[in-house]
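Mind having a look at this structure? Questions to follow.
Per-chain numbering from 1; labels A, B, C, D, E and F assigned in written order.
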């Protein structure tokens, strides 16, 4: 099996809800985002999926979050915008965009700092 | 499934036992430590486990190793303090601390340099 | 001349003022902070200044900014909280804390992403 | 299970074949290469496989590619030298070198930039 | 003085001329490029120069080199495309673009690997 | 002026002398070493000094320290093996090796962790 991973990022403000501690304060992060897809076969150029397409489409989804206050956005109106929930939101957006007979979105990982990340996957 | 990973580190001296080569000399490393836990569900703040708790508890275990000569410590009196054995030692300490109905410690990875790591996991 | 640099970080929300573009929206970053001091001489332990002290004192200053909305804070009430102005604010705080006959604060650098930083120094 | 990963790299020129876009132009990369092997048991020095051996043998394979024009080489005469195909080529070379009763080569990952990688594995 | 640095990159093929060793072979790199400008004063948004502009204009210059064979290009027809000469070429392009009464291009650094870089500056 | 920097590393054990705190315990680090030289002119291959030579010669000096207990070595018998003193020791070794009419060793920086470094230079 071939797997392809791209890294990209967005910068946003958020605050956790239903939480006690400094993360309940309005603050922000650069979130680094890793998207991993599996591809069974390669095309005649040797690609599972073109990195350019994987990056461009992922960045279109991230444009919804970038330079925004996450708690103001529809997906996080009633869901705490934790890194876990951001990873799940992105995973669900991306499986709709990239899933084909050949390609499966396997995992989305969201780093909220250099030292802490959350990922979401089906398995 | 949600997975959470934190990175932390400790600095120590060691030397491999039953080994021939420069690693049998007393030397040392900054070991970077990655701990990955899986969480089935999130709490109402959107967290699988609070990164703060995961870091604080892991660092308490690492305090046993940090700024020490590993071969002097109880877990490595008769076991060569290789990165493989350090990963296993930490894994076994951490499953006792973090395992709940919701949370499973999946993997502990120990980087002995920027270019080489060992991990331990049940699967 | 000896120079010592420590890296640390804080996470906060901000928005530029008097600016047109996506940075005028409320958003946030992990800012990585580099502090460089020069030391003419070393003490008998071989230190220009103890890294532990340099980190601890710098982090006390950063606690004013960490997990906050910068535009709400006194230093940025009337000054746009750009990375340039954050670097200058930190520089001015730190010269008051660290300057001695032996030690000079030379530069504070503030990375607002992995790809962009601003620094402030006297020279 | 113990897993060991080493990172190494090579620098080469290539161009994709059967592709339309800037990657069909002659250009080049530093490819960072990650090799992961699984080891069931450790030897008496606490090693699954000696990192030194894993690095040395991997680098011998990479010497075929380093400072070369990949499209000129036998493995890529009729196969587009994409990162996916490079990962598969390396995987197949390395399983012949490292597979024992105790050790299995699990995955080879090839980073063509800091932001994009392809891997090959059996599962 | 304020200083601003951006990091960007390009991928290209090259070979050194008048050189004996593996760098005389056609090969390639991802070159990471650091551009540092000094700014005496900030505008009312708190910026020395907008990072967006610094990145966009630098990337326009890099488009001349990205996904190309450097030895084929006009600036390297008779000059060996070493990292030193690439740094100087970029420096001379960028001083023409960014120099104002307030802003000075101080240094261009070109990393040909994670472990080796060359820079060019007037001082 | 052209400047060339290489990064390399060594792993060793040490303990500070005349110090109270956890650094007086026997422990160790991976020290990352940055060597910066300035070159006025380039040779006909476009090089200030060949990176290969700069790395090879620096690594020969580091072989004195790598996989050793620093306090046992001649340069640190009576000098505390702090990062500051390691940087100075390396600087003094390297100026003897690399100084020519064209090339000057400007700075040696020694990272004792990802977050703390000491450098030595004449200016």
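Definition applied: contacts are C-beta pairs under 8 Å (C-beta built on N, C-alpha and C of every residue); 3 or more make two chains touch, one makes a residue touch a chain.
None of these values were measured; they are calculated from a predicted model.
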Mutual neighbours - chains that touch chain B and chain F alike:
none
Chain labels contacting chain A and also chain C:
none
Farthest-lying chain, centroid of Cα atoms versus that of chain D:
C
Which chain is most remote from chain F in terms of Cα centres?
A
Copies chain F and chain E - interface residue numbers shared by over half, same or different
different
Just give me the whole-number Å value for how far the CA centre of chain C lies from that of chain F.
27
Counting in whole Å, what is the centre-to-centre distance of chain B and chain E, each centre being its mean C-alpha position?
40
Flagged in chain F as touching 2+ other chains are 112, 114
Going by the touch definition at the top, which pairs of chains touch each other?
A-B, A-C, A-D, B-D, B-F, C-E, C-F, D-E, E-F
Chain D residues within the chain B interface of the complex
1-8, 39, 42-48, 50-52, 55
Hey, which residues of chain B end up touching chain D in the complex?
16-19, 21, 79-82, 84-85, 87-88, 112, 114-123
If we count contacts the way the header does, which residues on chain C are in touch with chain A in the complex?
9, 11-14, 22-23, 25-30, 66-69, 112-114
